[in-house]
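To start, I am sharing the structure in question, which I have written as structure tokens.
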Amino acid sequence: MSKLNIGIIGAGRIGKVHTETAAFRLPEVSVACITDVDRDAATRLANRCGISKVVDSSEDVLADPSVEAVLICSPTDTHADLIVKAARAGKQIFCEKPIALDLARIDAALEAVAKAGVQLQIGFNRRFDANFARVRQAVAAGEIGTPRLLHIVSRDPAPPPIAYVKVSGGIFLDMTIHDFDMARFLIGDEVEEVFVAGGVMVDPRIGAAGDIDTAITMLRFRNGVIGMIDNCRQAAYGYDQRAEVHGSLGKIATENCYPNQATISTAASVGRDLPLNFFMDRYLESFAAELRSFTEAVMEGAQTAVTGEDGRIAVVMGLAARKSYDEHRPVRLEEVAGKAAAG
Amino acid sequence: MSKLNIGIIGAGRIGKVHTETAAFRLPEVSVACITDVDRDAATRLANRCGISKVVDSSEDVLADPSVEAVLICSPTDTHADLIVKAARAGKQIFCEKPIALDLARIDAALEAVAKAGVQLQIGFNRRFDANFARVRQAVAAGEIGTPRLLHIVSRDPAPPPIAYVKVSGGIFLDMTIHDFDMARFLIGDEVEEVFVAGGVMVDPRIGAAGDIDTAITMLRFRNGVIGMIDNCRQAAYGYDQRAEVHGSLGKIATENCYPNQATISTAASVGRDLPLNFFMDRYLESFAAELRSFTEAVMEGAQTAVTGEDGRIAVVMGLAARKSYDEHRPVRLEEVAGKAAAG
Amino acid sequence: MSKLNIGIIGAGRIGKVHTETAAFRLPEVSVACITDVDRDAATRLANRCGISKVVDSSEDVLADPSVEAVLICSPTDTHADLIVKAARAGKQIFCEKPIALDLARIDAALEAVAKAGVQLQIGFNRRFDANFARVRQAVAAGEIGTPRLLHIVSRDPAPPPIAYVKVSGGIFLDMTIHDFDMARFLIGDEVEEVFVAGGVMVDPRIGAAGDIDTAITMLRFRNGVIGMIDNCRQAAYGYDQRAEVHGSLGKIATENCYPNQATISTAASVGRDLPLNFFMDRYLESFAAELRSFTEAVMEGAQTAVTGEDGRIAVVMGLAARKSYDEHRPVRLEEVAGKAAAG
Amino acid sequence: MSKLNIGIIGAGRIGKVHTETAAFRLPEVSVACITDVDRDAATRLANRCGISKVVDSSEDVLADPSVEAVLICSPTDTHADLIVKAARAGKQIFCEKPIALDLARIDAALEAVAKAGVQLQIGFNRRFDANFARVRQAVAAGEIGTPRLLHIVSRDPAPPPIAYVKVSGGIFLDMTIHDFDMARFLIGDEVEEVFVAGGVMVDPRIGAAGDIDTAITMLRFRNGVIGMIDNCRQAAYGYDQRAEVHGSLGKIATENCYPNQATISTAASVGRDLPLNFFMDRYLESFAAELRSFTEAVMEGAQTAVTGEDGRIAVVMGLAARKSYDEHRPVRLEEVAGKAAAG
């Protein structure tokens, strides 16, 4: 069997997920080397996963001629530059979302990718989740007819630390960005306009940091579909990730995933354990499917499932959502896109 | 047992529901007389329900001194005038929604009621549905903490005839009006602003009639809660009536009602029969509970559960929603309320 | 509309249910008279339901020439005699289960009915419950193919008073009798043999009274189907009434009925309110459907849906079950049937 | 990190599962060598899993001094002998169920294990399934009070090939054996007596082979709990694996596992995709948890979670069940146990 040699940049939380997937679950992948600014973290991960080579820097990864593809799992502010460098080095690229928080840097990165003729996949792993994939399948196959209405509910178990909130780019670019991508993925069409109603309901410190923690974002798609995304930084019962599409022939709706299928009935209530609470548990399989998809695309020279343009549009939507919230009016994506919204 | 003597105006679809409830399910009610412009319809219903007196007109009902309370179940455009006349006749009043489609007539009716010192209850029966009542109970009792987000899904099995659409007052005053009342009921606070995204997705003839058939209406409450109402005039799988409230301590969400609790598993799928398809089946019990509530309020001299002001505000919300759709911007209720929104 | 004139014997708990149904929900029924050994109880019920005639005894009911049909809702030990007398009086008969606890009296009653050529329906109301009716429909229509396995779960919220236990005839004739009838109804075939494992797990006083409170009864049907009935006199979470049939093309299974369809998710659990706890709530609609079915059968001269033979066989099964428990071996119904098991 | 060196005997279906788990999911395990009578199969699996050493025979595995523990995944009729040899070689032993189909061979194997002082774990993987583990947890922790009634439903998607049926030992030793172990695991007590009703309902060729394909097995536990196991070799809708325990404080019941949590509502029905259909999908995680449990027990010198005695008792139950079916009477385990039933 031919194998894809990859290099990994970043051994933090998400880097760990991808490295373990590559090492233990994808026989067609071989990890050539790994790096992290915290070298000990990289070494620990390498030992655990049987990776023989820990290198000093991303430059070393990119300079390794055996590396065919790189996984960019470093902090957000390094993504765009690393994409440019990796593209210039002729590497196939998998990069975590978001590409960057401003469009100029994104466009520079995408240009470098286009120029180099390499593949780029952005880490919108939820597309590979069995639930959301099933919704997309139903819409694409016409099981529910022509789509009319879309609901996405995406609530976190608890808000991130305030320090993180301050550098996160705000709820729309940090959290809703996944839902923006999901909306486009599920409907298979582009959003033209957003309108946001939101507020600070979870923690006033989030408001003091200039962000909000709760929002409903209304979406109007080019094809007429109307959608809404419900976000909240805190849900007492855990991680709440659902979608529903209503179409001319019916609807499809997903429920959350649970650690078990047991129901306990007592004199107090009929209940079950809380849903999977941590994104790593909830989306574990999707991370594996995502990397498998990237690997296959690269090995077959096929288009990746989530392109750089997909990564750009999600950021455009985040910027438009923030503008809508600030100016309290519907905002068309073309107001912020810097070029015609792609599709 | 003391009984409440009622007169019934209107023996159409909804009049039939209330008459049967009064005759067969409320021992504390006695139907003194009934009328309808279609006298045969009134006679048939009277015979079926053991009502001995069919009269010629609403005037006859109101002139009957034995009648303590009237149920106004005639067409919408007669509601306001009948409320005025009934109030002047000193009758207690139950009136179907909406009071009227313009605020001046509503205000005249409410003024007459106030002047006469009689009770008025508006027919927002869904407040008495076990599912929605349970949501309200959870919110009111603090079971889910401070409310943050509200979802209402309200989809009809099929659109009404086009002839009806033309005189209905439009989707917001005909269909969403129930959901506007539900939103206020569930959250227990007033809406300040609405924003609508909608379209014609079900039947172009609805668009030709100047109406839309599909919409998401975003609501901003005075207390900061953000809500959204999802409406569609057609759902292939039947009548879809759900609500969800997410709060600081959790969420409460309702599912549809089904004719049975059986699940059939075959080689094709794991499924069940469609939800109750007809509003009369779905809300049968709520109609009975509604009339019981009215009867008790009148007999005890207590405030009715759904006031004339409740009826007015729902119309204000409908007018604001239409304005938002037409002008494609968020609209504050005070723009159309004609006076400060009550609460 | 032609009406059926009925007389009612017994104004206790179940008599009240049937009387209210007849008075308020069945326009085709007219209650001619009612009696009870507690005349005050009969009078109160008559007043509540608008019944003009309260008579002294069952003899008076049977002597009333306007009475076409009687509802026998008196205590079990009077059933058989009243059936005989009613049959001789030429009345159509609806009788609560069980007909009697010994087969000789049952046979005498059935003989009188046959001789008089009147109709007899036994009060196995659960056949008319929407859930169980749906299971039967699926089996009868072949939706799940040829049936193989049957499960019935039937657990009470709490055991009856010990005084009642002592005269009840035991769990099999008092409680399981409903499930025996349900088993035959769902499968549409006769049981040949039963085997019981049971014990006293709820209350030792039930054991002291010579009864048991918990049992699994295995059933072997003539057509090869194997079934089991799970009974317990006490379920902390309420009234538990379910069935499942597994066949060659799939299975159908029912869930309990709940007061509402709301789910509450908090930091503690994802749960809902307890199922309907009282048999009158759970089976309210089935009582109405049962009486409607009897009325229609009588008015159309058609066979009643639950015959005297059905009533007899359920008692045979109860006797066989007790024998199996006592002798700790499988028991064929023909051992106790006194004649070949019917079917 | 210290690692456990294991040797694997058998590269068939179940050997493949354990080998992949050991190679890819258990960092604390190192696979020293593997063997199979089909050497190509062993080689393919070794290559896929990065195992460097394929040996000729189980003797070679047992002779390898670096091998600390062996996984016996070869056909059933080799289990007992391999356990004896492995014990004599001083290896820790994981062996697939059943140990053997006759008790003399089982006893010889267990004696060798005891004499050698090595650990033995039997492959009842379902104990490690999240659903069943949750039921056990609820029972053990008293969440449902004192257990009274147990249901286990265990139906296969399709019967095995007739050739396999002939050598399988029969449904009770091949299929129900898992449920026998599950029954003891869930209740935490020993079964005293079984009674079986069964038949040939799926395929007459199974009957011609001397076996049955459908059965309900009633269990009486020493502590008074009554249980029943529902087995069928074919379920049109897939793999059906459920359990329910009813106790003095409530019940706990599990549902099947599904590939996704999506529900599709159309004009035809409200349904979802079929449950996970293949035992490898359904129980994938349980196989990993099982091997992890064995590894930990061995490394810590602790008692394994599923002992040789557990393996023996399940076979005793299978023999008793067959005897009950053949002789059509309840059979006490001590009739077939050859010694007092253990506990």
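Here the chain labels run A, B, C and D in written order, and each chain numbers its own residues starting at 1.
Keep in mind that, in the parts below, a residue touches a chain if its C-beta (ideal position, glycine included) is under 8 Å from a C-beta of that chain, and two chains touch if they have at least 3 such contacts.
Just so we're clear, the structure is a prediction, and the values are computed from it rather than from any experiment.
Asker: What chain is the most remote from chain B, judged by the mean position of CA atoms in each chain?
Answerer: Looking at centroid distances, D is the chain farthest away.
Asker: If I rank B-D and A-D by number of C-beta contact pairs, which comes first?
Answerer: So, comparing the two chain pairs, more contacts are at A-D.
Asker: Can you compute the centre-to-centre distance for chain B and chain D, using the mean CA position of each chain? Integer Å is fine.
Answerer: Once rounded, the distance between the two centres reads 58 Å.
Asker: I'd like the Å distance between the centres of chain A and chain B, where a centre is the mean of that chain's Cα atoms.
Answerer: Whole-Å distance between the two chain centres: 43.
Asker: How many angstrom lie between the centres of chain A and chain D, each centre taken as the mean Cα position?
Answerer: 40
Asker: Among the residues of chain D, which ones contact at least 2 other chains?
Answerer: Within chain D, the residues that touch at least two other chains are 235-237, 249-251, 265-267, 273.
Asker: Considering the complex alone, what residue numbers of chain D touch chain A?
Answerer: 24-25, 27, 48, 130-131, 133-135, 138, 143-144, 249-257, 259-267, 273
Asker: What does chain D use to touch chain B in their complex?
Answerer: 235-237, 258, 265-267, 269-275
Asker: Quick one: which bits of chain C touch chain D in the complex? Just the residue numbers, please.
Answerer: Chain C residues touching chain D: 145-146, 148-149, 151, 155, 195, 197-199, 201-202, 214-216, 218, 220, 224, 226-228, 230, 232, 234-237, 240, 246, 248-251, 328-330.
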